[in-house]
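Two complexes come next, and they have one chain in common, chain A, joined by chain B in the first and chain C in the second.
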Partner chain A sequence: MKNALRNPASYLMFIIPTIALYGLFFLYPMFSSVVYAFTNWNGLEETKFIGMANFETAFGDSNFRSAIINNMYFIVFSVGLQVPIIVLLALLISNVKRFKGFYKTTVFIPSILSTSVIGILWGFIYDPDIGPISAALKFFGIEPIYWLADSKWAMIALLLTNAWQWVGFFIVLILAAILAIPKDIDEAAAIDGANGTQRAWYLTIPLIKPIISVVVMLSIAGAMRVVDIVLVMTNGGPAGTTEVMASYMVNKAIKYGDYGYGMALSIIIFAFALVFTAIYQLTLGKTERIEY
Partner chain B sequence: MPASIKKTMPHIVLMAYVVIILFPFVFVVFSSLKENNVEISQAPFAFPKALYFQNYVDAWVQASIDVYFWNSAYLGISSAVLGVLLAAGTSFALTRMKFKFTSKLIYQVILLGMLIPGNVLFIAQYILMMDLHILGKHWALFWPYTAGALPFSVLLISAFMKAIPAELEEAAIIDGLSAPGLFARIVLPLTVPALVTVFIINFLGNWNEYLLASFFISKDALRTLPTGMVGFRDAYQTNYALICTGIVFSVTPVLVLYAFLQEQIIEGITAGSVKG
Partner chain C sequence: MKRNVMVILTLILAMSTMLAACGGKNNNNEASSPAASPSASPSAPASESASPSEETVEPFTVSLRHIQIGEPQKFRKAILDEVVKRSEAEVPGVKFELDGIEDAVNRFTKLPAEMAAGNPPKIFDLFGGNADALKYAKAGRLLDLTPILDELGIKDKFLNVFGQFTLDGKIYGLPIGGSVEGVFYNTEIFQANDLNAPTTWDDLVKAADALKAKGITPFAMGSQAAWVPNMLVGTLVGRFANGFPNGIVTGEVKWNSPEVVGALSLYQDWVKNGYFTKGELGKSYDDMLNDFAAGKAGMMFDGSWRSSAFKEGAVAASMTGKVGFVALPALPNAAGDQTSLNANFSNGYGFSSDLDENELKAVKSFIKNLYNDEMQLRGLLEDGVLPSMKLSDESLAKVTDPVVKQVLDVMKAAGSTFVHFDAIAQKPVYSETELQLQKLIAGKATAQEFGDAVQKVQEVENAK
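== the complex of A and B ==
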């Protein structure tokens, strides 16, 4: 009687469009990136296999090396500075009785907006002539700072904007994990005389370690991927001080038509992302599954 | 510490954070209603002297925000609809039809797509668009958007469909329904909540997408809001009130959606990121 669900024609009809699109837009580009990364393809000369030359060029280029370092800034900032703040704010929200929903809904807002619009918006806020930060500084008698045009400040300005966009998203992730912990554990500790800080430190944080580890990995992945905010706010400037790997790749490949080189760069970005995630998984991120 | 202070301390910290999140929006809305830069720079934190709605008319018509807006809307909606339907069909075949081994394999391969960061494929997709002769056309965004959302959509919809009890479809098959009929009349209606969530997440992703839109489209009339807005900023560098109006136009639809469907949006976005 179940022939209808064993009909290969219907099965194929449901599967093929998805597989076709997936193959064309995921598998084929992935495959062609790997192949062309070893060629000098630039649309002008004859395409030749050139071995590791693209990779040597990339790591020999001081601009690319400084782009790698800038990606590291994103990692260090988002993991080292943002994650503790995220955990702290999530703990605070989970403990308040009133406005819990309001806090959750509000902090999440920036993560549903377009990064390009956020870039424009913050470009305005950083504006030295009429931006509100300058106005506030002027009130304290401080000269306006050219946030995005000064190589001392541009990177910090980007990191702060990026944090503004994503901290709330991670707060909500962690908050969900905290609220999923059964209440009686916390109550038992309270009866035993543990105060709020002790309960957070010895109870809640160990219990949410797996999700913190997810947040760290997502932060690393995000830091390796970061590009929109750079293109919109500084386009890598001033003088390359905010260039990241992906913006360097996009500019090289599209503006100069160095496709083979661009694909090699994309493989490098992918490799970096995999390596960092693996390192984290094997070291600090090692956690057993927790059963309540 | 007195209990009352202990109770209000968290709220003070959290409210401070909420102010940091909301301040830029308030600032942009105020600025969009100010007449010019002078008024913004003289009193950046003040409420506008007179509500100057002319900016909205100017931005919408002269600065062609209307064009970007409709481009974003129709591309975002059409590609999200197609993506959801394809993913629903595939999820149905993978979870309900009796080709277990093939289905498992296909499912794993599709999920692999969630591991590949989008911008790793960027250059190769650019070349692909050239080869397909659709670079510079809306198709160059439509197809990558549709395809790009598939892994996440299949993941979420499959999880939902697995939970539908088998008795329902057995009865339907005895009544003589074919697999497509079963899908369209029984399973799809039951899956609507998941479809709505996936549709909204995909729509938001398309509406906000910047990288592909800025390099795959060059004609101004074909731009979407994120790229159009950047061009708009570069063109009107000196008129901040007008730029703020543009920001309001671009952010409002998202916030309205969010106001109505915050639970679905938060759940969908966080589920997609954690499982990937």
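== the complex of A and C ==
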């Protein structure tokens, strides 16, 4: 046995299957999509190499540019609004004495629901004829809002639904970090006369900064690749108002059969996500290791 | 040495396990069809190349993609089920695997992806035209049906319906029936409001204004999927511009010509006047029927296939006897042919070109059982689908459904017909019309901007 482990071939035996699968399902598709991005491949006709034409079309395409802007909305909303709310709720839940488990479970439930279910559920909530929001507005004498059909409201409606879906997941992440802080630090601050808000602001938040940083990074990455909720709820409509980069790519590649262009779009999305997360990691996301 | 042998043996085992796991599962078909490639081996032993006795055929499956799902499609599904049952009884060993999915998902997402990958179902719902059947036929994905139609002797029984399925004289798809697009109106609402049937342009506009004033939506509309409002847009453009839609690919008709822009402006005026359902961009095609059936709207522009929804036991049974159907009235002072009708024989079945002998037998049986007088008549009587095959006057006289009768009358009265432009326009062009139409409805594009944007794509496609 000892000798067998000295034989390089036996190590090879263990890693070859994994490397083969990795190559087959990860490397090959990735490299082939890079190659196809420079072609006019549509699956049916002869494939021609067309250089950078797909990329030029993408950046000259006003619909794609507005999809990029919509992705930015997702980033701004999730980092600017969602993250503070997540931290606030996590702090509140960590301090409740009773029913902590109940709150934790309740906020987590949306993230285990499938996006299709959430789409249908919120589609009903937003329904201008029978939805509860309309009923409430009607009660106050306000005309119903066509949430998903009105280009003024559709994006907000989507952002809210997306936030509802993911807030719980991040709360649980942050909650775990808060609960991992040794109790005595908090107690020492309390004895020194710090009130709840001061303890949260000066103690808890600095201590959970690394995990907040991770949550922000995941939010950015999630906002860059958001697509399912868009496809389920509006399919990019009304009139392209809620189109994001990925839904635009899906439509171009799958619906219009323009696979070459779709591949180019997917590379652009990849590049955007990479650059954004890298910028964040190298600037604001830099955190020091905290030892208690 | 011994250890090395062990290592090599283990490696081989691991690799072969992986290869086996990645292998295909075509064994069934090969085993079941000893004569799968008829021309492959002329020297094969006589006992093998001779047709195997029917009892010995092993079970095989034939995938069948259809779009007859949900309540509104139940009559069509019943006909399909009957055809499948008969074909299964006729061809030994065959089992049809039905895969029902939503129309637009099949047409715009699933089938194109399968065609690109080269693995479409053996039998599938197919639309005619440049963006669908003809594109797939060019790529060699569709079975040439000409010899099968000759063999079954049914080619001459069809009406002149193969236009959108014919490439280089070969037929690649069989339309199941036809439809015309026109205005359904709620006769009860019209009577209650003392309105004339919308047979003239004045009456139509008067009715729309009167209904609007009463708080009833003039036209039910579901524009979440833009092909729905595109039906009315197509017909309006046909009223305004001569040579539409065929002229768009030859360059004769331009999307940004004054005629087409005139039609689009009229549509936008209707939107601004509140003629369509409020929040239509969030309403689906089914919502449109529901709004009409619930009496929330007085009219609805739709294809004649919708007539089956207004009969006993159907999805909008409450409307039985309360629905009228007319062609979009003639538009005064417009350049197009005012008696022409948007009529289509565009939807039917296509078949994969990749069939073995058994599957081919099943396909022939399927065609024989679906495309005959009996099923065509059933389609007309039960489902209101206009036949794609010649039916005797005696058969046609059996129609009792009042809406279907009106549809047949409308067809008879038509001076000429033109197809829906999605059969003529290239896919990117049609997609652009969908996007621009939604923008037009949302007030984010003018008629001229719509025309210019689509014409730009049209010119790129025409130059290809």
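Definition applied: the second predicted complex is superposed on the first by the 268 of 292 C-alpha atoms of A that agree within 3 Å, B and C clash if a C-alpha of one lies under 4 Å from a C-alpha of the other, contacts with A are read in each partner's own complex, and residues count from 1 in each chain.
One rule holds in what follows: a residue touches a chain if its C-beta (ideal position, glycine included) is under 8 Å from a C-beta of that chain, and two chains touch if they have at least 3 such contacts.
For clarity, every value in this text was computed on a predicted model and none was experimentally measured.
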{"item": "Touching partner for A:Leu148 - first (chain B), second (chain C), both, neither", "value": "second"}
{"item": "Chain B versus chain C as contact partner of A:Ala273, first or second or both or neither", "value": "first"}
{"item": "Which partner reaches more residues of chain A (counting touched residues only), chain B or chain C", "value": "B"}
{"item": "First, second, both or neither for A:Tyr259, with chain B first and chain C second", "value": "both"}
{"item": "First (chain B), second (chain C), both or neither touched by A:Asn95", "value": "first"}
{"item": "Touched partner set for A:Glu45, first chain B, second chain C, both or neither", "value": "second"}
{"item": "Touched partner set for A:Pro17, first chain B, second chain C, both or neither", "value": "both"}
{"item": "First (chain B), second (chain C), both or neither touched by A:Thr283", "value": "neither"}
{"item": "Partner chain in contact with A:Ile125 - chain B first, chain C second, else both or neither", "value": "first"}
{"item": "Chain B versus chain C as contact partner of A:Thr197, first or second or both or neither", "value": "neither"}
{"item": "Touching both chain C and chain B, counted on chain A across the two superposed complexes", "value": "4, 7, 10, 13, 17, 21, 254, 259"}
{"item": "Chain A-touching residues of chain B, taken from the complex the two chains share", "value": "10-11, 13-14, 17-18, 20-24, 27-28, 31, 37, 40-41, 44-45, 86-87, 89-90, 92-94, 96-99, 106, 109-110, 113, 116-128, 143-144, 146-148, 150-151, 154, 169-170, 173-174, 177-180, 182-183, 204, 207-211, 214-215, 225-227, 229-230, 233, 240, 243-244, 246-247, 250-251, 254-255, 258, 262, 265-266, 269-270, 273-274"}
{"item": "Chain A contact footprint on chain C (complex, rising order)", "value": "3-4, 7-8, 10-11, 14-15, 18, 108-109, 112-113, 115-117, 135-136, 138-139, 141, 224, 278-283, 427-428, 431, 435, 438-439, 441-442, 444-445"}
{"item": "Chain B-facing residues of chain A, complex", "value": "1-2, 4-8, 10-11, 13-15, 17-19, 21-22, 24-26, 28-30, 32-33, 36, 89, 92-93, 95-96, 98-99, 103-117, 119-125, 127, 129-132, 135, 164, 168-169, 172-173, 176, 214, 218, 221, 224-225, 227-228, 231-232, 246, 249-250, 253-254, 259, 262-263, 265-267, 269-270, 273"}
{"item": "Residues of chain A touching chain C in the complex", "value": "3-4, 7, 9-10, 12-13, 16-17, 20-21, 42-45, 63, 128, 146-151, 235, 237-241, 254-259"}
